[in-house]
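Here chain A shows up in two complexes: once beside chain B, once beside chain C.
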Partner chain A sequence: MAYTPQYGPGTSVVAANRRKQMNPGQELERMRSITEEDVVLVLGHRAPGSAYPSAHPPLAEQQEPECPMRKLVAPTEGAKAGDRVRYIQFADSMFNAPSQPYQRTYTECYRFRGIDPGTLSGRQIVECRERDLEKYSKELIETEMFEPARVSLRGATVHGHSLRLAEDGMMFDMLQRCVLGEDGVVRYVKDQIGVPLDRPVEVGKPLDEEWLKAHSTIFHSLVGTAYRDDEEYVEYVKRIHSLRTKYGFIPKEE
Partner chain B sequence: MAKIERSQKLFLKALKEKFQGQDVESETTKFYCFDGVRQSPRKREFMKATEAIEKERGISMYDPERCHLGGIPMGQRQLMTYEVSGTGTLVEGDDLHFVNNAAMQQFWDDIRRTVIVGMDLAHQTLQKRLGKEVTPETINEYLHILNHAMPGAAVVQEHMVETHPGLVDDCYVKVFTGDDEVADDIEPQFLLNIEKLFPAAQAEELKAEVGKSMYQAIHIPSIVSRTCDGGTTSRWSAMQIGMSFIAAYRMCAGEAAVADLSFAAKHAGVIQMGSHLPARRARGPNEPGGIAFGLFSDIIQANRKYPDDPARASLEVVGAGCMLFDQIWLGSYMSGGVGFTQYATAAYTDNILDEFTYYGMDYLKDKYGYDYTSPAGDATVKPTQEIVNDLAGEVTLNAMEQYEQFPTMMEDHFGGSQRAGVIAAASGLTCSIGTGNSNAGLNGWYLSMLMHKDGWSRLGFFGYDLQDQCGSANSLSMEPDRGLIGELRGPNYPNYAMNVGHQGEYAAIVGGAHYGRGDAFCLNPLVKITFADPSLKFDFAEPRREFARGAIREFVPAAERSLIIPAR
Partner chain C sequence: MTDATFPQCRIVPLRMLKPETSERLLTAIAAIPGIRRIMVNGPGLPATVPYGPARGSPNPNTNRQSIRIGDTDLALRVQVANVVIEMENASVVDALRELCDGFFTAFPYQLQTGRFMKNAPSLVDYTKYGPGVNPDLIGLADPRSRDGPVLLRERDC
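Now for the complex of A and B:
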């Protein structure tokens, strides 16, 4: 049976944005360009230019057991090389950041391979092989999934997603890993865990409120789209709940 | 589903106090300008105290400006004070950690050191087996002896050590019965007078449940249960009960009938506050993980004091339950550290949950005609799926909108787990109070969690991925997992055993179902009567007020050791 993903319900712009991010058939808008070296710097896992530390020998050099799953699933480049598993973690402001924790997880599951995402209220982490991570990170930072003032990379001390914004429009970060310059450009001066960088990494200028509202994936009655107004979405959640209540996890209606 | 208007937001006063001189509806503020951790008077006090401690012991201690994040101390944003909900008392967050709050400690002491022991089995043994006469006079004499013995005094033997009364002055035993004639003959000092302690309708219901039986409400010394554990309570009490029967009824200390009295006091006639936990939890009886939610709601007495406000009564259970189950049970017994307090206090500070819950009450009245100020069984709404979805859906949407409309309130509850617990609690309480059905309340909780997760694309910490996303299937209908009604569930119920921000609220949802019906008790009438006792150190009718008194250092606890240590 062919399965056609629906990527969620809803008639609002928020619902449409969610579907767009999740759907790998739709290309995400590229908003900025960041070099591979800059990605490596802000991740903070290895020095730019250094070899990838490995967790095991390359698969080609290993004695792989006879296994139908191994034949079925092609390894990613990172897995093939035996890279260690590292992470990128984002904090997304509730003031219309373009992606939000569960949305990130769903999107990554649809678009990337070999990943292990974790979803919390103030942060979302995705772990994978290091060279795969760098490729995925570049996409997550360069596209419409990212916004310099309302999204930030934070390995630890993530506090800020629900706080009021600073007067310059930046999301609070007690470590101030990134700062808004007088020229209007946001620069990372520390890596995601908070270690100062040898040189700043530019991630571009913050986008305006209009763009944020049009690209957000969070309902928000003050600065964006009210959840209540997307009746289809609310009814969908209630229906799922009712079916689970009546029939457990075999959702069928009499 | 249609939004209703509430002109007065209960949380506004607290927000204005916390964020003085600021527009509480503004989306922006200042950061990085508060002098870090030194902005808090309590943190400054901690730093000063540390100076003296370090000089005395020669080992370093509290050093937030060096040890926090490699030299970046807390306080880059405003460190907030909190108003304990329903009290008007502003406190420091630190003062709501149970280590810093004597009232919180005493709350748990008073539960852990309590057992109820029936007297009927013992009286039958005395009368039928030994042919001794049991009269109100002999019962009074027995109680006099028992109140000598229970704190740790000898009644039979020669040359025994005993405890200093000044250290165990919180220990005593009272009795209660549903038989008015017998009650009249018990000395008032030993009697829990149901007639006087409860509103008339509740008293009648409770007396009918107790009948002609008589029970002992026993509170062993706090210092004993604190030094040992909850399992000690029934053992300590049974030993002193046995010795007091021997003394009061002139029995032979070694005769076989004593074994019957011991068996009754230790097993057959004893009611623990918490049941024994499985080995992986490694706790005996009378520990927090074994307290059924229905029983916990009976421990809290707010519905006795505020019978016409089931919302208020339920909110007191939330406060007490979050403190015990989140801060003490999960936060320390099961985990450790200080983080759980920050989660838990959200549900009983700044009147935020209160506002969301009263919105639900107004909605119930407006749409379904249920007037929460006149709770009664025949006034409740039928708990259909459609109605649960409507109630929980509307309360959830309103709560989310309030957080959105007041960014300072979102900042107040800065963690998703805090918000998820509070929003779902208001939803669950509205459903349980309005329908009089605890499982409908739990089902409302789970719809709220699903709606919240989809609306904001976030919920709480990892644990919320488990219980809150499968709870629909084990709440309103018990068929899928052959589960329990809410009253009989507890902190160790499958799926409930690991998540902060749930158990206190679940207990309140269970209690709310009964408060909404005007019931006198939820699960156990004996427990309800036992904790109505005004002689207890902690006032169980006003747990939030007591916690606030503890926070501002006005609460006087038991089990102080100044009598036996050098004066400072």
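Now for the complex of A and C:
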């Protein structure tokens, strides 16, 4: 019988959302549209329209050593062209953001190729070849994994994911890279490292609390779904914890 | 050393406040008789990017503004998250609670009582003010800042 991955335990809506994001067979809901030029502007790695700087000659032009792995694994577009490795980093508010660092890493590993994610408590960075990065970034920003007020692109100075929200519902950002306009639309006025942009980049309107609660992948007992309410999840984590603790003592069967 | 008998309380709104809201709140608090000291706390909003690739470049931020309390200007360097208040006597807490009940209508707040300000000079106070510091200054200003606390005269409020 063919193996069917389960992606994760749990009976709650949070667990279901986690599984949905991780499962590459499930299409993520497209919530907004952002142009490729806007993605390039917010990333801040190159000027829009400029050529991709390269780290090495295209694979077709260089002599590849004889290697069975290279025959097995097809290079991504960025690797084929010899692009530089660049990054995108997200900070997700604990107040019902639609994704969170570990979730992002799992999701990206299931959905994308040629990536190197870095997972921290309040931020998640993913590195890959530049043209692959732009393609992946567009998907991460346009789909339900992004929310203009609770998720933010932050290359540096990420503090804010665990703070209370501002009065207008925006996550705290010391550099105020994105601003909620009077028309209710969030605009990035700085790129992800805090350099002011020539023109603002619109990422749409913040979504309402109902939507956030229904699409969150974070357990939160005060504003969302409590972890302890998902008995299956608790049981699973307890089991893993128990097994790895016991294994630390290298138990021997009598 | 600060007289430890002065009661203190802390207002913690569920959301961090905009400068305009902070101005209205602080003006209303300062107008209550019996307030000795007010300290505004929150995450910092530096004028320049402090670290990262854009380090040293200007950091325009609509939340870093100058607000006016009575006749006195106060340059906000933080996004207001908590307001710590020292009072002449504990009965002022009731007036503060009444004020907050009317003020925070869009989102809830907590009013906590306890000790929230330093009552003895620490090493940073010693390096900033030297020996024999005025006890009312302790714990009020950011030790890294060159500015002192803002003084509100009673007739300003």
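In this text, the second predicted complex is superposed on the first by the 243 of 254 C-alpha atoms of A that agree within 3 Å, B and C clash if a C-alpha of one lies under 4 Å from a C-alpha of the other, contacts with A are read in each partner's own complex, and residues count from 1 in each chain.
We adopt the following convention: a contact is a pair of C-beta atoms (placed from the backbone, for glycine too) under 8 Å apart; a residue touches a chain by one contact, two chains touch by 3 or more.
Nothing here was measured: the structure is a model prediction, and the numbers come from that model.
For the composite obtained by superposing both complexes on chain A, the positions of chain B and chain C are in clash.
Legend: residue contacts after superposition of the two complexes on their common chain; A:V13 is shown touching neither chain B nor chain C. In the superposed model, A:G194 makes contact with both chain B and chain C.
Shared-chain residue A:G118: touches chain B; no touch with chain C. By the touch criterion defined above, A:V237 reaches chain B but does not reach chain C. By the touch criterion defined above, A:G248 reaches chain B but does not reach chain C. Counted by residues of chain A touched, the larger count belongs to B, out of chain B and chain C. In the superposed model, A:S162 lies in contact with chain B only, and not with chain C. With both structures placed on the common chain, the touch criterion links A:M94 to chain B but leaves chain C unconnected. Of the two partner chains placed around the shared chain by superposition, neither chain B nor chain C is touched by A:L180. When both complexes are overlaid on chain A, the residue A:V85 reaches neither chain B nor chain C. Shared interface residues of chain A, touching chain B in one complex and chain C in the other, are 157, 159, 163-167, 169, 172, 174-176, 194.
Residues 155-157, 159-160, 163-169, 172, 174-176, 179, 193-196 of chain A are the ones touching chain C in the complex. Partner chain A is touched in their complex by these residues of chain B: 3, 26-32, 69-70, 72, 74, 76-77, 385, 389, 393, 397, 400-401, 404-405, 407-408, 410-411, 413-417, 419-420, 443, 446-447, 450-451, 453-462, 465, 470, 472-473, 475-477, 480-481.
Of all the residues in chain A, the ones that touch chain B in their complex are 18, 94-95, 100-103, 118-122, 157, 159, 161-167, 169, 172, 174-176, 194, 217-223, 226-228, 233-234, 237-238, 240-242, 244-249. Residues 13-18, 21, 43-46, 49-54, 57, 59-63, 79, 81, 106-107 of chain C are the ones that touch chain A when the two sit in their complex.
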